[in-house]
Structures are given as structure tokens and as C-alpha cells.
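Every chain is named by a letter (A, B, C and D) in the order it is written, and numbering of its residues begins at 1.
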Amino acid sequence: MDKKLFQYSIDSAMELGRKVIPYGDVATYIPELAKADKHALGIAVQTRQGELYTAGDCSTRFTIQSISKVITLCVALEKCGYAAVLDKVGMEPSGEAFNSIVELDLNSNKPYNPMINSGALAIADLLIGKTNFTELMEISRRLMKDPDLRFDEKVYQSEMATCARNRAIGWLLKSKDIISNDVEEVLKLYTAMCSMGVTAVSLANLALILANGGVDPQNGEWLLSASTVKVVKTIMLTCGMYDGSGRFAVEVGFPTKSGVGGGLLSVVDKEMGIGIYGPSLDSKGNCIAGNVMLKYLSQTFNMHLFHS
Amino acid sequence: MDKKLFQYSIDSAMELGRKVIPYGDVATYIPELAKADKHALGIAVQTRQGELYTAGDCSTRFTIQSISKVITLCVALEKCGYAAVLDKVGMEPSGEAFNSIVELDLNSNKPYNPMINSGALAIADLLIGKTNFTELMEISRRLMKDPDLRFDEKVYQSEMATCARNRAIGWLLKSKDIISNDVEEVLKLYTAMCSMGVTAVSLANLALILANGGVDPQNGEWLLSASTVKVVKTIMLTCGMYDGSGRFAVEVGFPTKSGVGGGLLSVVDKEMGIGIYGPSLDSKGNCIAGNVMLKYLSQTFNMHLFHS
Amino acid sequence: MDKKLFQYSIDSAMELGRKVIPYGDVATYIPELAKADKHALGIAVQTRQGELYTAGDCSTRFTIQSISKVITLCVALEKCGYAAVLDKVGMEPSGEAFNSIVELDLNSNKPYNPMINSGALAIADLLIGKTNFTELMEISRRLMKDPDLRFDEKVYQSEMATCARNRAIGWLLKSKDIISNDVEEVLKLYTAMCSMGVTAVSLANLALILANGGVDPQNGEWLLSASTVKVVKTIMLTCGMYDGSGRFAVEVGFPTKSGVGGGLLSVVDKEMGIGIYGPSLDSKGNCIAGNVMLKYLSQTFNMHLFHS
Amino acid sequence: MDKKLFQYSIDSAMELGRKVIPYGDVATYIPELAKADKHALGIAVQTRQGELYTAGDCSTRFTIQSISKVITLCVALEKCGYAAVLDKVGMEPSGEAFNSIVELDLNSNKPYNPMINSGALAIADLLIGKTNFTELMEISRRLMKDPDLRFDEKVYQSEMATCARNRAIGWLLKSKDIISNDVEEVLKLYTAMCSMGVTAVSLANLALILANGGVDPQNGEWLLSASTVKVVKTIMLTCGMYDGSGRFAVEVGFPTKSGVGGGLLSVVDKEMGIGIYGPSLDSKGNCIAGNVMLKYLSQTFNMHLFHS
């Protein structure tokens, strides 16, 4: 791949992305998030060959939010195994929004998948006792190669003060014996994980580890097992973009997870990791500019899983 | 790939598959299907190199049922284009059973995806006027390289006489102006497509065309456009196994579509096409032995999309 | 009761009713109904003492629509008995709109009650073989003391041509074996019953029979058994105004059934029957002016079931 | 009414009731309730003429549970007015179980009615600031003429420790801004009200006040306004027996509210109040023997609202 061409294409993607920013909105349901600069936009691409491409606000810190679901799922799979995880949550897309209660109550004795809030709370419950937030921060720093990764206390407090719906989900899970620990403890761990301050570069690093089967291509270190990475990438593909996951898989075609802080984590398998930051969100809660950028890159460089 | 080893593995897969046949059941809601031999089992694998591997009842004719949804989707994409198809049906997994009405009525102004009955009826409606059953049979014969492919009148009549729920879905679609043609005509076309008699070999041939980007590897003929094939494979991956699609993608990891006649159509991208016949179904309506066989083959030969 | 005062109150009620007509709308989903004069309004009150009070368009013919559900329920109870009716439909308010499908499919093996479309179709199915439309017309003429009652062919044809949603409900009932006759026959009987042309006076006469325990107070003729009438009045009270039934019972407080043709049938138990015609409907499909008029009369004359 | 005959009928009702006790079960979801004597059964009837009829365990104390919803609704109507109450909760039967979450989340911006848990929590929220538990206990003592009415600390603690589902409902209401006070405070008030220890006689006294339009017939004291009582009786009729309310209204025909402690509160309008205690419950959570007893009494003495 020609480096100049690739950098040029990333810059073009940024241009296309910027054009749709006005059509989205910054998340407002968590007061601290509403303060984000709507027009911020950044991208980082880390390749297996060790190249780092960046553009725009790639070093701005923002909270990881739902992308932390990928990390907790990785850790749960590593520490508890696939069977224990599957016992707690399903692997099925729900066709519903990220904070759905209805599906959980009507159809199911466990959350549909670990990428929606109910599933992530169940995973957090599974991790309590086996790890703690300090260790999870440490693991996150290593997976993202980001020693400066820090806990954003303000966002955490803002979120804990306004998470009535997550608390409702937590208590519903408790009433169904899906959560065994104290609901408030589970919520705290879940929310703390959402409050890690990352950058587009941190996300690109994590994505590359996933693209490379769990191994850091720069030093050959095995950070995650191959089977964990395989499960996580598949679930990101089928469930990572909430109720827009199916269409995203068709039109872009690689595993991606979004967060309402504006982040996107994209895995171009065996090739590269992409991190994006852009807090202007579309109606489904996904970074609106990032969507356009990833689609452009996928088409330009044949990154779709089923490219011909 | 060593041919002997591969044939040996297929035989091993058959052995494993046979063991779970007793735990499944032949579909009974269509009287004619209930007559199938529960213990029948066959597999055919067609590789890009032109090898055909088979085992068991690979030449037994059975009705294609829901696997025909793959063909009608291909034809709709080719004849009407992606935008027109997307206007009729979504691309999202529904998290619901194949014959769900609730999701359609509650959440949506169009069916969730083209792999559930409501979506396939919408696609059939789109095709009326642009093609007809005779031409669709002809296309199917070519895609499956099966000149003996025939219309099973008995199954068709049996199904038309007992399809009250599909008729309800059809009229619900009509009431929402999603179907514009006569409901009975749409049902007839949909049911006729389900009643095509195929073999495991026919399915393997179709799967290989999809694996090879729409091109017949033996003669280089372009049967389907690359973009159609890309869309179809992605939707098979996210929605092909009904409400078991997510877990199947995690554990097996390649696009597959099932039919209640006992068929399975599996695409190992860029490598091979697999067709399976086994009318003993699991609780979600998928061939119970086939599931086991595909999982075994996926693990043995690293066929998972995200294999390392 | 002072006759002059009562007539004066009815005239006052009309005045109040007329004021809200502009806030409603004529039903448009059946093309023939859309032709109704939105500003028409009429009322008839028939007392047990034999007085008839009227005001406005009390002799205008309009189609009975859903109020026919009361008649078919009466006939089903008389001809088949309570147990057979209860076997087909529940007696519970659904909390859903009149044409709901979701509740039926999700929660239940029979329609919630006989006052919603699914329940009325089940009752129509029960009646086929035991009676026919000609006899039902004859019974209706007698219950309403309206020899001129006639079948409105135009509305019937218009409704049969546009009843896709009812057809969907019919087929869903068929798929669940709740309907045993031909779906189209059931739909025809149901729709024909909806297409009877009545007047406010006809409805007042029927309401008085119900108020008087099934007996015509003028000649002592027993038209309906006491137990039938008791069941019907209770169901009208809890389910007669669709998903506005509960609040109507609280605020007005006597059994009432509405139809989208603009009719209202109200039973002031042991005292009088009220019929209203006003095709301007509120958002729940009930005559908007009639609602106001009945509330006014209930308050003025202490007609609430639980008046003190 | 002949007193001997009436006492004899009550005794007969008891006999009939006892026969069905084995087919029910004591509530077990609150551990303290599981300790109740399944075979206990008592009834008290208080007439407007001042007669008290009793049979069986009519002086046994048990917790009032959901019947307290009637008292809090009365107090809310008196202190805040109908409009403020209607602003918080609907008046519609839900067709769902008492602890339903789905309806609340899907269809509505407020709970369906004040007789289900979500509605009662909304009412409790409304009362905070305007009254407190001490005053509500005092009001309850007066309405039930039961100076010995006491707070059952054990049941309260047991319930607070196991009310995960109610907590989930509370937080869901909070997330929708239906509850404005602290969720835990609302839950405590609601649960404390459920934990009042009453007897069948206390319930009969309360029922008589309701039957008599809010006035104590023995001393003429106005305890509740006529309009409050009218609203409450109507809602008890349409929503008092959970998703069995409609059929109960048809077959028994007077306002009744049940509690999972085994209590039943029945209002024979303008005539008498009935209290029943029997902790063996049917599948809908209503006293199984009481149902049979009330049906027998209704038929024997023509107590149905629409009796002829």
C-alpha cells in the first residue's frame, strides 16, 4: 500500500466526514458529554507494518463509553471462559436500541448480547471478584498502549447521577437472578469503565491487537488469546453498532464498536486498526462523520469482509 | 489441501452429525415435509479448484424452502438495485423467530431483513412484474448447475393449504402498503420458490458461486455481480440462521442459510461452497446434524471469518 | 323526571357537543365513510316509561360499524352459551387499540375480548353454521325496532376492498386454530354486520332493551335472556370504548359502545337507552361530540353507576 | 334481608371456598409471606344497616399488600385532586400482570392505572411531601375502624430485601421523569403501606365506607368525598383483579381489590362491604377461595352491578 496515497485518502475521508457533522448531535443525556465540541473530528490508523496514520483531533481525550464493552468482554472471556460468558449473555443481535428493556423482559432469561447495556452489566457482574477497576484500567492501558489513559471523574459523576435507566436495567437483571453482586457495585464498575479517557490513537492500537489475533505486531507479545479475539470480532460485527449493525456490516463490512462519547473502534482483520473521534452522533448514537469515513475507506481499499 | 484428508474429515463430520439426529425433529407444520426420512443426511463440498467432495444422501431431492430467500434476494438486487431493495426491507437481524409478526407491527415500517418470512414476501412483491416463477426456476437451475431442479407440486399444494400465518403476514404487509401486488400472487410466488426440489450438490454449487464473487470458477462465467454477492453473504452471516444467527457466526463463522426442508447453504469465502441435507431440525428450525458438521469443519480447517 | 327539563338538557348537551366537532375527524380508512358530513350530530333517548327524546340528526342513517359487535355477542351468547363464547374470546380489556395484533400474538391463545376486531371475528366464526346474515339482520331489526334497517352495500364493498388489516387478523386467528371456518366467509359476515344502516333512534331502542334486562318495556316481550344482557353490559363497560374504556367508565360511568361510523350506544341501567350519531371522531375512534354529551348527561342526572 | 339466611349463606360460601384452597398456593416471592397458613380462611360482611356477619379466620392479622393501593389512591384524590392524579397515571386496564414493565416502556408515558405496581409507585411519589407514612397509617385506622392496625416490620423488611423488580420499575419511572422524589423513598413508602397488618373485618369496614359514598353509615361522618369514592370504585371494577379483572366483573360484578397477602376488599354498592382473608392464591395472585365465595354470594343475592 502506497503510504502517500493512504494518507491522502484519510484526509479525503476527513473532508467527507466533516460535511455531515452538522446533521448529527452531541449526546446530551449525560450532562458532561453535552460539553463536547461538536465539530471535533480525528482519526488514527495503525497498520500491522507499524505505520501510524493520523488526521485531525487524533490526540483529544474523550470518554470511551460503550467501546469499553469490548474490553470487558475480552477480559471476561480470558478470565472466565466462553461457556461462563455465554451462560450470562446471549450472542444474538436484538434489533433494539442499546438501552432496551422490553426484549430482556419479554423474550429472554438473559440479555441478548454483551454489546447492549443489559449485557454489559451482566458481564460486569461476572468480573466482580475476579478483577477490579484498577486492574481493568491497567489492562486497558496495555491493550491501548496508552500509559496516559486516565479515569474521567467528572464524566463518571455526571453519569452516575443520571443513569436511572441503567439502574432500572440493573434491578431488572437482579430480579431475574442474572446479576449476583450488589446492583450499585455493578453499575459503578460499568460506569467507571465507560469513563476512561482515551484518544483515537488509543483505539487504533486496541483495534490493531484485535486485527492481529491478539498479538502485538510490534513486539510479538500475546495480549489476548486467539479464541477470545475471534469471538469479540464476530460480536462487534453483528452487534457493535446497535440497531444499525446489520446495515453497517453490509455497507462497510468490518467489526466496529461505537460509543456515545463519539468514539469508533474498527478492526480491518489481519491488516489494521482504526480509531475515530467525533462527538456528533447520528440517530442511533453512532459517530455520524465516522460512519461516512469508514464507508469511504472500506470502498476505496476493499476492506469489506466479503470484498471480491 | 490434501484431498484424502479432506474427504476423511467430511466422513468424520458425517459421523458426528448422525449422532445428534435423534435430538431433532422433522418439520411437521407442512404435512408433506413430515414425510421426510428423519435419518437422511448428506453433504456436498464444491471447491474453487473444481473438486467435489460428497458423503451420504447428497443426491436426494428435497425442497429448498427458506434457502430460496437467498436466490430471490440475489435476483432482486440484480434486477432492482440495492436502493430499491433497502426501500422494501431492512438489513437488521430481528432477534425474533422466522415467522415473527410482532416486530413488524410494533417497531417498524418495513420487515427487519430479507431472510425472515415478512422480508421475503416483500422481496417477492418487488419481483412481480420484473420476473416470474418460470424465469426464477431457470435462474435457479443455472446458479445451482442443476438442470434437473424441479418444482415439487405436492409440497407446494401442501404448503399453500397450511400457510395461514404467512397469509396473515402478507395481509399485514398489504395493510402497511409494503406489498403493492395481490397478496395471493405474492404468496404463490414465495411458496413456489420454497417448493423447488434441490440436492446437497445443487446447494454446494450455488454456495461456490457466492464464495467466488458471483463468478463460476469452472468457466469464468459472471452469474452475479460482485456487489450483489457481497450484500447477500453479509446478510446470510448476520441473519441466515434465524434467532440463532449471532451464535452461529461466533462459533462457526461463515455465511449460512437454512431451510426447514433440511437444507443448509454455506459459503466459505473465496474457497468453497457447502450444501447439506438433513431434515431433522433443532428448536430454531435449522438442520441439527448440519450445525455440528459445519462447526467441526470450521474448526478443523480454520474456516472462521476471523480465524487467526 | 321532568320531561321539559330533560329535553332542555338534551338540547344543552347538543350545544356542548357541537363545540368540539371541529377537533375531531371523520374516519377515512374506509373510503365510503370519508364521505360523511362531519358536522352531523343527533341524539335519541328512549326511556323505560316509553318516552322518546330526540335532537338533531336523529333519523340520519349511518353504518353501525363496531356497535354490531354488541349484537353478535348477544346472539352468540343466546345461541351458543357463555362457556362456548369464553372458549373463543377472553373478557379482558387489552389496553390496546381496536385493531391490535401484537397482544393477540404475544400474550394469548385467544383474543382479549369480543369488542376488539380480533374478538369479533372469533365470534363471527362461532356464529357461522348457527345463523346467517339474513337472520342476523332480522334479529337486529327486532332488537332496534327498526323495520327500515338496511344493508349498506356501498359501505360493505368499500370496506371489503380495504380491510387488509382485518384480513391479516383473520389469518392469524386461522393460524392459531381460533377460527375454524373459511377466513373470507368470516370476514364477509363480520363486515356485513358492520354495514347495517341504522339511526340514533335504532340505537336508543337497542340500548333500552339492554337497560331493561332483555325485555321490551313497551310490550313485555323477552328478546334476550337476563344473563346474556348482564354479560354484554359488563363487557361494554370495561371494553366498549377501546383503549379509552377505563377513563370513560370513571368519568361517564355507564356501558357504552362506539363505532367508527360515528355511532354510540349507551345503556343507563334500568332507566333508559341512548343512541348518538356524530361522525367526527376523537383520536381513539370514538364520536368526539358524543363523549362530551354523555359526560354532561351523566353528571346532570347522576347516571354514573357509582353515583352517590 | 333475612339475617339467618344471610349468615347461613356466608357459611355455605366458606364451605365452597375451602374446597378450592388446595388448588392455590401461598405467595412465596416475599419470604415472610410464605410462612402464612395456606388453609386459613375468613370473611366479614358489614352492612349499611350496621350488621356484622363473620365466619372463619376473620380476626387473623395479615398484611394488606396491594389493597393499600385503594387507600393511597383515595388519599391522593383527596389531597391532590383528580386532575393531578390523572396527570401521573392512566385509568386504563393494562391486560398485563401486576408487575408488568413492558407496557410501561413500550406504549406509554405513564403507568396504565393506579392498581398495578408502577401506578402505585407513581401515586406514592405524588403523596410524598403532602403526607407521610404515620399520617397514612392514621387515615387507614380511621377508614378501617381498626385502632389495632399495625405496621408489620418483619414483612416490610422481608419485602424491602426482595423487591428488585419494583426497584427496577421505580428507576424506570425515574428515567421517564414520572417519579420526582428519591426512588428509595418512594419504594419505602409504597412497601410500608403494603405492610400494614389488617383483618377481614378491617377490610369490610373500609369497603362499607366505599359502598356508602364515603360516609360512615353508623355515625354519618364524611370520611371521603363522593367523587373520590366514585373514581376509586370504578377503577377497582375495571382494574382491581389484575389481568383477571374483566372476567371477574362479568361473573361477580362488583368492585374488588386483591392483595397477595390473601386479602380481598369488595364493595357491594349502597349495601355492604366485604373483607376476605385466604392466603392460598390462584395463578393471577388473587385469593382462590375468595373468588369462589364472592361469586356464590353475588349469584345468591343478586349483587351483580347489572343484576336484573
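One rule holds in what follows: contacts are C-beta pairs under 8 Å (C-beta built on N, C-alpha and C of every residue); 3 or more make two chains touch, one makes a residue touch a chain.
Just so it is clear, the structure is predicted and the values come from calculations on it, not from any experiment.
*Asks:* Among all chains, whose Cα centre is located farthest from the one for chain B?
*Replies:* Looking at centroid distances, D is the chain farthest away.
*Asks:* State, to the nearest whole Å, the distance from the C-alpha centre of chain A to the C-alpha centre of chain B.
*Replies:* Using C-alpha averages as centres, the distance is 32 Å.
*Asks:* Roughly how far is chain A from chain D, going centre to centre by Cα mean, in whole Å?
*Replies:* Their C-alpha centroids are separated by 48 Å.
*Asks:* Report the inter-chain centroid distance for chain B and chain D in whole angstrom, where each centroid is the mean of the CA atoms.
*Replies:* Each chain reduced to its C-alpha mean, chain B and chain D end up 55 Å apart.
*Asks:* Which residues belonging to chain C are in contact with no fewer than two other chains?
*Replies:* Expected reply: 106.
*Asks:* Take each protein chain as a node, join two nodes whenever their chains touch, and name the resulting shape: line, ring, star, complete or other.
*Replies:* Topology of touching chains reads as a ring, each chain with two neighbours.
*Asks:* Write out the stretch or stretches of chain B touching chain C in their complex.
*Replies:* 101-102, 105-106, 164-165, 167-172, 174-175, 183
*Asks:* Under the touch definition given earlier, write down the residues of chain B that touch chain A in their complex.
*Replies:* For this pair, the touching residues of chain B are 86, 90-96, 103, 107, 112-113, 213-214, 226, 229-231, 233-235, 237-239, 243-247, 249-250, 253, 255, 269, 304-308.
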